[in-house]
Amino acid sequence: MNNYSVLGKSEIKVDAVEKVLGTAKFAADYTMPNMLWGGVFRSTVPHAYIKKLNLEKARALPGVACVLDHTAIPGGNRFGIIIKDEPCLVDDKVRRYGDAIAVVAAETKELVHEALELIEVEYEELEPIFTVERAMEEDAPKIHGDSNVHAKKFLNFGDVDAAWDKCDIIIENTYSTHRLSHMFIEPDAGISYYDDQGLLTVIASTQNPHYDRGEVAVMLGIPANQVRVKQAATGGGFGGKLDIGVQLHCALLTYYTKRPVKIVRDRRESTMVSAKRHPITMHAKTGATKDGKLVAVDVDMVSDSGAYASYGPAVIGRAPVHIAGPYECPNVRCSAVFYYTNSPMAGAFRGFGVPQAAVCHEGQMNALARALNMDPIEIRLKNAHKVGTVIPTGQKLTESVGFADTLKMAAAKAAEVM
Amino acid sequence: MNKIKITCTVNGEAVCREVYPNQRLLDFLREELGLTSVKEGCGEGECGACTVIFNGEPVTSCCMLAGQAEGADIVTLEGLSKNGEMDKIQKAFIEVGAVQCGFCTPGMVLTAKALLDKNPHPTMDEIKLAMSGNLCRCTGYAKIHQAVAKAAAE
Amino acid sequence: MKKRGRGVGCMWYGVGNTGLPNPAAAFVEVLGDTSVNLMVGCADIGQGSSTVMAQIAAETLGLSYENIHVTWADTAVTPEGGATSASRQTFISGNAVKNACLDAMGELKRTAAEKLEVPEEDLIFRDRMIYSAKDESKKMTYPELMGAMKYYGRLAVGAGYYNPKTTYLNPADMSGVPYEVYSYATTICEVDVDTETGEVDVLKVVSAHDVGTPINETMVEGQIEGGVAMGEGFVLFENIEVDGKTGAIKNPIFSKYIIPSNMDVPEIYPVVVSSEGDAGPFGAKGVGEPALIPMIPAVTAAVEDAIGCRFTHLPIFPKDIVAAVKAKEAEEAAK
Amino acid sequence: MREFDFYSPTSVPEALELLRKYKDSNAIVAGGTDIVIELNERKHTPKVVIDIKRLKELEYIRFEDGLVKIGALTSHAAIAADPRIAERTRVLHTACAEVGSPQIRNLGTIGGNLSTASVAGDGVAAMVTLDASVVLRSKDGERTMKLVDFLNGEGYDKRNALQSDELMTEVFFTEPDAHTATAFYKLAKRKSLAISVIGGGMRCSVDDAGVVTAISLRGGCLGRYPLQFKAAEEHVLGKKLSLELLRETLPMMHDLVLDLNRNRPWSVFYKKESVQGVFNKLFVDILAQLNMEVGA
């Protein structure tokens, strides 16, 4: 056992005192002199061209400081953590229910609501796509570019086709997981202003302030060091505050009004706009010897990744690598295809596709244990990763592989308390 | 729209304000009085983040209008520590590690405070029942229950 | 009728981004009075990364936890931290903090070595003391060291970053080194299932996590307990419903999207498992996402075990349980 | 929230005066657990909001003249905490003790629950099981009607019989005697903060020989208003009470739920099956209560 002087101790968290006193400042708790409230006008259709957008009535409402659409954006109008495919304000077409079309800043919250109600839009609706089956058809309308395939991955290790002959038992199942929401208790919020050095500053509920800084700078067409993003105390994230939230819209309104602007999403807007967990369908074929040693794993997975890429590329990269579970297996193959649709955007959510992969590999492992009449802990111990294991990407594990210990210690604890 | 006058006690101090009536108690506390420990998580009385102690009882301030505060005695988290000394519940939350993101914490602490004021030595089942109107997404509640039990034992 | 069942779920999780560079950085300055300013880009969303960073800095510098003030996630002050995602911050920002502290210790070590007349490599910094590993009588206090630093006009400042040792993956077959380290976990779950109403009581959960080295044991437990609750919700309560015509989310609010309340969560027994390794700061790995993952298959397996039905499609709602029970009864009656 | 004028009357006559004066566009706020949310979301935009929470005269629970009388402004928490209700009227105690959350139970009132008359109102199911009556008052006077008639009424917003210048002031029901047991079971998606999927209510009276002299079997959330299992009630009435007898009614419940919910294919399967599970639990509960009574 290592002998540390500070590590391992349950020190009081650095932010615990202010949080129990209620003095910790979350983004919505900031207020400033001369501050405006901001809000976003969003689409109520999933897939459409905007034929007409009338902002004049909203602009004419006394107390409204500014109403902006995409034409006001001085720099770039595409953002996204990996692929820049989402507009700050829609300029070509609406791709999902809830796409941002215009932003409003006004003297009070109430006036923001009234101004938003005065914005008029006419759509030319397009066929919406809500299933991967439709998305993959030739004649399906294209959400982005000329293909609805958002990403494809193929993992191949050993020789799966040749391996089936060596199996005493083969288990085949189709698994599906559903779309989920983070439901952090704090809805997204932020405030922007020019600080006393002239930096366009955004204080926001975020998991990713440096990324936010880059996006704000690109949108405004200014150097990144002229933007300051500060994370406010953040009321949970779980991946849902990795994509940019209110930051761009706040910054754009401050850029034009030169005044502090605060945007606080209500629960509905927060859930509607933030990314969701990828629903994934996985067809799995697993082969093993009669004493329970894995021989081959072959999985096909598809997912509806929604209207924008968000963290989809991270999920599709991670799920295949993890698909065989924490088990040694000499032959692994996984093919994954994610599609763009007009569904709610799927993205980062605690686990990035590994929870879905675990539903598959553990479902298969439990099925295998039952079929072979083996104890679920025993079959896992038999296959468990250890130092020296070669994983399905060919990487050899050289240290810190405590899987077998977790199995043994969990089983021991369960025997004690259950 | 006519303004209304609200006279009430907040955290032990008399408060008198003339305000427009179209705001919730939550908005009145946060925006008129600057008591931003009162959090809005859902706006529909489901999450409990906006809980305040209203005449001795925990209530969700998003379900009340500002005008309903007239004559009431209201306690928010700001009113819990006295002369810089934290309440034992606050200390227990820190010591047990019951705070993660901290957004549900004000409502949790106040709900626990209302419980212990009435029932200083609750059973674990009573603690769980009393805290069952406050959602938390971070902690799995285990350490929150432990913290309330610890505070009660002191 | 209530039926009891038990299930096992396991997982592994590669820490950091998949086969991609994802560095993070830290700045540190040890001030003359031995207090420390630590600046990290890493966003703390309540999981406690700033606390972890302070503990790593204190351990590395040989100071106490209370000496460290952390400023985090302010782009005008703190260097790039990358995203708080992929369970990467303890491992990557933690290593960055360690590297920044080692950088600042260059001048500290030079000065202590001169004052104590011992080789730099023999010096141990621990509990606010600096001493020779070979001769513990050769020692000085941290304030004495900082006094000497001041005398010589030296500053203890450091910058450090860390990028995990991975490779880009081969596009043809995904071969390569996707992650430098992996966390592992096993969860065992016990449930009661009411076969008439489909209600599930999740009774007890044991969740054992290999975190390498726990930096802060209470916070590790907190992650595990929170993950268990979220995993329970994943399987038994939660589902986003989408309107088939507009693509709108039909249940965006807490009264319709059901997350577990405190009355729903089981008794949770977190088990913190250590494993030996050098990649992480003092061997530490991530636990944020691993905390959630194994509960999902474990609770699924427990329900399956209770009623003897398979569930390959999630979520498992009471209606699905009742349907499965009825189907099984019909099947058995037909035999 | 849109603009409105706000009044806080301190007596019932004052409240009725205001309701009459602003009968064209008013909203009554009591507990606020529904209406304040609607106001905030601009779904409801009255010109005048009348806060009746100050009418302390409508907060009471009285056992008198063989009746249990509950003031409309009595909170769920107060009803759940009343030992007489817990002992004599388990169905109401349980329903009120499991509404929403502790915070919501502190705010929400029984009158609000009945006037809002949400499909999933647990108080509604419990009160219907008890065959309660409600008292409505306006400036013109007072009227009393059975709760079921109130629920089927066509008042100003078509939800129930309430007119826009009327206030519900009381709900009352016959005090269950020593030969009567009542019970409530809430089937919900989680154990707290939950809206009922089914709120099952049962009331059963037996004579000295154990023969059923009165019975009420009601299922909340199975239709617009708590569903009466009439065939099941008739099957049991006049016979000697036993678990076997009660369980004979389960297929009738199944069939009725199936019949009435055929147009909701996504929920009918579960509801027709689980309603039996709900009532199975109620039967056991009721028998346990009665055996204790009868045996003593």
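Worth a mention:
Note that the chains take the letters A, B, C and D in the order they are written out, and that residue 1 is the start of every chain.
We adopt the following convention: a residue touches a chain if its C-beta (ideal position, glycine included) is under 8 Å from a C-beta of that chain, and two chains touch if they have at least 3 such contacts.
These numbers were taken from a predicted model, which means no experiment stands behind them.
Between the chains A-C lie more C-beta contact pairs than between any other two chains.
Overall, the chain located most centrally, as judged by its C-alpha mean against the mean of all protein C-alpha atoms, is A. Mean C-alpha positions place chain A and chain B at a centre distance of 32 Å.
Chain centres here are Cα means. That of chain A falls 18 Å from that of chain C.
Our note on geometry: chain A versus chain D, Cα centroid distance of 43 Å, whole angstroms. Centroids built from CA atoms put chain D at 47 Å from chain C. Contact of a single residue of chain D with at least two other chains is seen at positions 1-2, 191-193. Looking at chain B, one finds that residues 22, 41-44, 46-47, 97, 99-103, 129, 132, 134-138 touch two or more other chains. The set of chain A residues that touch two or more partner chains comprises 10, 12-13, 15, 110, 183, 234-238, 267. Partner chain D is touched in their complex by these residues of chain B: 1-2, 4, 20-24, 43-46, 48, 51, 54, 57-60, 62-65, 67-68, 70, 111, 129-130, 132-135. Against chain C, in their complex, chain D makes its touches with residues 187, 189-195, 197, 267, 269-270, 273-274, 276-278, 280. Residues 2, 4-15, 44-47, 81, 96-98, 128, 130, 153-157, 173-181, 183, 199, 201, 206-211, 213, 227-231, 234-239, 241-242, 267-268, 270-272, 276, 311, 314, 317-318, 320-322, 325-326, 342-344, 348, 350-352, 354-355, 358-359, 362-363, 365-367, 376-377, 380, 385, 392-395, 397, 399-403, 405-407, 409-411, 413-414, 417-418 of chain A are the ones that touch chain C when the two sit in their complex. Across the interface of their complex, chain A is touched by residues 6-14, 17-19, 41, 43-46, 48, 50-51, 54-56, 58-59, 62, 64-65, 70, 72-76, 80-86, 126-127, 169, 172-178, 181-182, 184-188, 190, 204, 206-210, 212-219, 227, 230-231, 234, 238-240, 242-249, 252-254, 257, 259, 267, 269, 271, 273-280, 282-283, 285, 288-289, 292-294, 296-298, 300-301, 304, 310, 312-315 of chain C. Contact residues on chain A toward chain B in their complex (touch as defined above): 10, 12-13, 15-26, 28-29, 31, 110, 182-187, 233-238, 264, 266-267.
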